[in-house]
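Here chain A shows up in two complexes: once beside chain B, once beside chain C.
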Partner chain A sequence: MGYSLWIALLTTLICLVIAYPVALVVAFAAPKWRPLLLLLVILPFWTNLLVRTYALKSVLGSSSPLSQLAEGIYKSVTGSETFPGLILNDLGVIIGLVYVHLPFMVLPLYTALEKLDRSYLEASLDLGASQWRTFFQVMVPLTLPAIIAGCIITFIPAFGALVTPALLGGTDSLMIGSLIEDQIKRANNWPLGSALSMLLVYATFLILALQSWLSERRARRTELRA
Partner chain B sequence: MSTPAGPLDYTRRWSLRLTVAAALLFLYVPLLVMMAFSFNDSTRIIRWEGFSTRWYESVWQNTALIEAFTNSMVIAFSATLLATAIGTGLAICLWRFRFPGKTLVEAVNGLPIVIPEISLGVAMMIFFKQINWPSDLAWPLNLLPIIIAHVAFAFPFVTLVVRARLTGFDRSLEEAAFDLGAGMGLFLRDILLPYLKPALIAGALLAFTLSLDDFVITYFVSEVGSTTLPVKIYSQLRFKVQPDINAAFTVLIVLTASIAIAAAFILNTMQKKNKS
Partner chain C sequence: MTEPPFISFKNIVKEFPNGTRAVDNVSLDIGNNEFFALLGPSGCGKTTLLRMLSGLEIPTSGAIWLGGQDITDWPAQQRPLNMVFQSYAVFPHMSVGDNVAYGLKIEGCPQAERKARVEQALAQVQLADKIDRMPHQLSGGQRQRVALARALILRPKVLLLDEPLSALDKRLREDMQLGLIHLRNEVGITFIMVTHDQEEAMSMASRLAVMDKGRIAQIGTPKQLYEYPGSRFVADFLGSINFFPGKVVSTEGKTVTVDTDVGRFINEADFAATAGQSVTVGVRPEMLDLDDATPDVNRLEGTAQETAYFGDYNLCLVRLANGQSIKVFVENDSEGRARLPQIGQAVKISWSATCGILLPD
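Now for the complex of A and B:
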């Protein structure tokens, strides 16, 4: 459970770091390029989850050129004799989950950035703030609801993922999804399997309740200010 | 490109461009490599040894895969039909009528969209076992539990799409129809459904891809004789990696991607019409 939590949190964070610049570029691109760029980001999302995970597995497998390159770098940097590999361990699970869930994060961020009133950014830059300061003190606060939404719709499926840890994880990468699969499909322990699935449902509700509480508080605050 | 980049021209910053290029490479390289290697004339997965379509032939001759593919198609078509009907009906009810518990129905409708797939799968499986659903029915009746499960998670998406379209509906058309003596049936057939057509098509395509692509829920509900293509491939993947999987997956990608592009295109033109 704790292990699933860490993996899912780390996945969400990495997705956010990669997705924000992507969403920014797509949202600020010339209007004629925007639909094409957006389609490019969404299209992998429409291919089967199993297909994508399998494709990633063959590209990152131990005999693939990419893995051999990483092995060379790893050995020369750390000086160690053994290379843990890119997949069949926790790293593999995280790469896989980021790969699968990236579009989930890009979409809400793109929507928010596209609607964002650019005069705020211009004002901030005109008044002498640097690009970084504008980013952290203007752009991020203004798109915070979308950041939260993106994190939620990335975190929930990553937390309950089944296919990715099964195909890309090691034998000890037992996420809650694999645990449920084990209990239901192999151990025939349905009560435990159901309890674990319900834990996922409770977690989902808790997160959604938290989000609506936060957004209500935000709305009330802006009302007070106005 | 002769003018210098303005402070807000993020698209023209090289650091950001590189990030986007890297992200797109990350998303596409694995899929493209897999598609390329589906034409590889070698039993080894990773070495390129010339062009061949032998793996497509081998998929074609693999009766277990073809059987699973047929199951997938039967399930996807039936589930799409039912999910579109139920989803549209619900959307119209939620739009047209006020009734006690409406907010509850709306909230419940959103549930399958947010609840983790694996929990839905476990719930469906236990439901069918608890009501003692007969597991020895002949084909295609043995696919019914999967069809029901797919309808259950796909129709809320149809409802979403149809409701989005309904918000743009001009209510005076409805009043005019009733003033001119049309009944509810005539109004639905001649006014509302033609107006909803793009949403119906988009919703149906969405339901179709969702059903065709679903692995997790089907994995829990399916029985020995009722496996779908993704479930079949998953069970084979766990034992060993076979090159013909590349070919089977490439077929699946092309199929779902073309359906998805069609759906996106229809939704896009719908939004443009709504705006104008």
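Now for the complex of A and C:
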């Protein structure tokens, strides 16, 4: 449970850090390029998750050029003799989950950035703010609802992921999805499997409740200032 | 040696990536402490010109000078000018006080001084009591004043206003016009305003430039542009006008006789007209008289076709024999009420030779 939480949080965070610049590029691209760029973002959805995960497995597998490149860099940097590999460990799970869930993060961010009135950014620059300051003090706060939404719709499926950790993870990368599968299919322990499933459902409910509480509090706070 | 102009656009060209030439070789000088207006129809390049001055757009070619320095390559952050955006762009996630303090915080102004200056800036726009409000709790007019305070608190050398009154209703707009004139006199800096509303431009600006298709059509005081427009475009854009195209018959000093489709007119010209030249006689609707008593020049006859009541005046549409309709304003005073024709009634119109505008084609 704790392990699943940790992996899902890390996945969400990495997704956010990668997706924000991607969404920025798409939203600020010339209008004629935008549909193509968006298409590239959602293109992976057209292929089955299982197929994509197998593809990732061969792209990142120990005999792949990418893995060999990473091995070379790893060994020369750390001076270590053994390379843990890109997949069949926690790193593999995270790479896989980030890859699969990235569009879930990009799309809400893109929508928010595209709708964002450019004059807010221009006003900030005009008032002497640097690009970074404008980003953190104007752009991020104004897209905060989209950031929260993106994090939730990334976190929830990542938390209960089954296929990705099963294929890309190591023997000890047991996320809650795999655990439930094990209990029901192999151990034939339906009560424990069901209990674990409910745990997942509760956790999801908890996150959604937290989100609605946060947004309500934000609305109330702006009212209180009146 | 004459002092260089305060702000100077030198042969500015702006082409957008899609190939449109928004600003086409504009040169323009603006003096210190002027209230200058850039006026023109939408898409004439006036906003682009303003944005290039602010640093939010980079000219394709040409140079911009401010206070004796070439600022063409300066980023927006470094330019000593601030802008009030058409949408006001008051940050919705910050309180009024935080909005106004935004620029000062960046400058690293110490907290105590910052607080005092924010209070002073808000007092200047009559919003001192709204310092803790959020922008969504303010009216449009109040939000605009927040934007004004936010820009003026940085003590810019120039304040840029992009369509400052277009989002306000008519009543508020009139108050704000006077408010802006008052504010400019108080802070004593250059204001440059972009607008498509000719009344707004004429009533507020000390000088204005009329723009058309990326070029400057004419520059002058409101009175110069309204009474002595240099082209049909300027004459037509600033207020209502009736046009009678024709040819010069003879000239005698400044007095020019012109033959048009609807008769022979005598007018004064402020350019050297020659016989045979194609010209247009323009007459503003308020210069036309529906009165028989006027001298026997520049007479027209027609039928009253339509009248519209505007409260302080009436608009009367008169149909001439050749089918052209012309506009006549009849003031709503005791005389005007008596003169206002019924629809279908035959009317006589006249104007004196000094009241028309002669425009070369």
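Everything that follows uses one rule, which is that the second predicted complex is superposed on the first by the 221 of 226 C-alpha atoms of A that agree within 3 Å, B and C clash if a C-alpha of one lies under 4 Å from a C-alpha of the other, contacts with A are read in each partner's own complex, and residues count from 1 in each chain.
Just so we're on the same page, a contact is a pair of C-beta atoms (placed from the backbone, for glycine too) under 8 Å apart; a residue touches a chain by one contact, two chains touch by 3 or more.
Everything quoted here is computed from the prediction, not taken from an experiment.
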| item | value |
| --- | --- |
| Room on chain A for both chain B and chain C (clash or fit) | fit |
| Chain B versus chain C as contact partner of A:Glu122, first or second or both or neither | both |
| First, second, both or neither for A:Ala30, with chain B first and chain C second | both |
| Touching partner for A:Thr204 - first (chain B), second (chain C), both, neither | first |
| Which of chain B and chain C A:Ser130 touches, first, second, both or neither | second |
| Which superposed partner A:Ile18 touches (first chain B, second chain C, both, neither) | first |
| Where the C-alpha centre of chain A sits as vertex, the angle toward chain B and chain C in the overlay (nearest 10 degrees) | 90 |
| A:Ala195 touches, of chain B and chain C: first, second, both or neither? | neither |
| Chain B versus chain C, judged by how many residues of chain A each one touches | B |
| Partner chain in contact with A:Leu40 - chain B first, chain C second, else both or neither | first |
| Partner chain in contact with A:Leu49 - chain B first, chain C second, else both or neither | first |
| Nearest Cα pair across chain B and chain C, whole Å | 5 |
| On chain A, the residue positions that both chain B and chain C contact, one per complex | 30, 122, 125 |
| Touching residues on chain B, where the partner in the complex is chain A | 7-11, 16-17, 19-20, 23-24, 26-31, 33-34, 37, 45-46, 114-119, 122-123, 125-126, 209, 213, 215-216, 219-220, 230, 233-234, 237-238, 241, 245-246, 249, 252-253, 256-257, 260-261, 264, 268 |
| Residues on chain A engaged by chain C in the complex (per definition of touch) | 30, 117, 119-120, 122-130, 133, 138, 141-142, 144, 222, 225-226 |
| Contacting residues of chain C [partner chain A, same complex] | 17, 54-56, 75-78, 82-83, 85-87, 89, 91-93, 95, 102-103, 106-107, 132-134, 136-137, 147, 150-151, 154 |
| Partner chain B, residues of chain A touching it in the complex | 18-19, 21-22, 24-26, 28-30, 33, 35, 37, 39-44, 46-52, 54-56, 58-59, 61, 63-64, 99, 102, 118, 121-122, 125, 131, 156-157, 159-160, 162-163, 166-167, 177, 180-181, 184-185, 190, 193-194, 197-198, 200-201, 204, 208 |
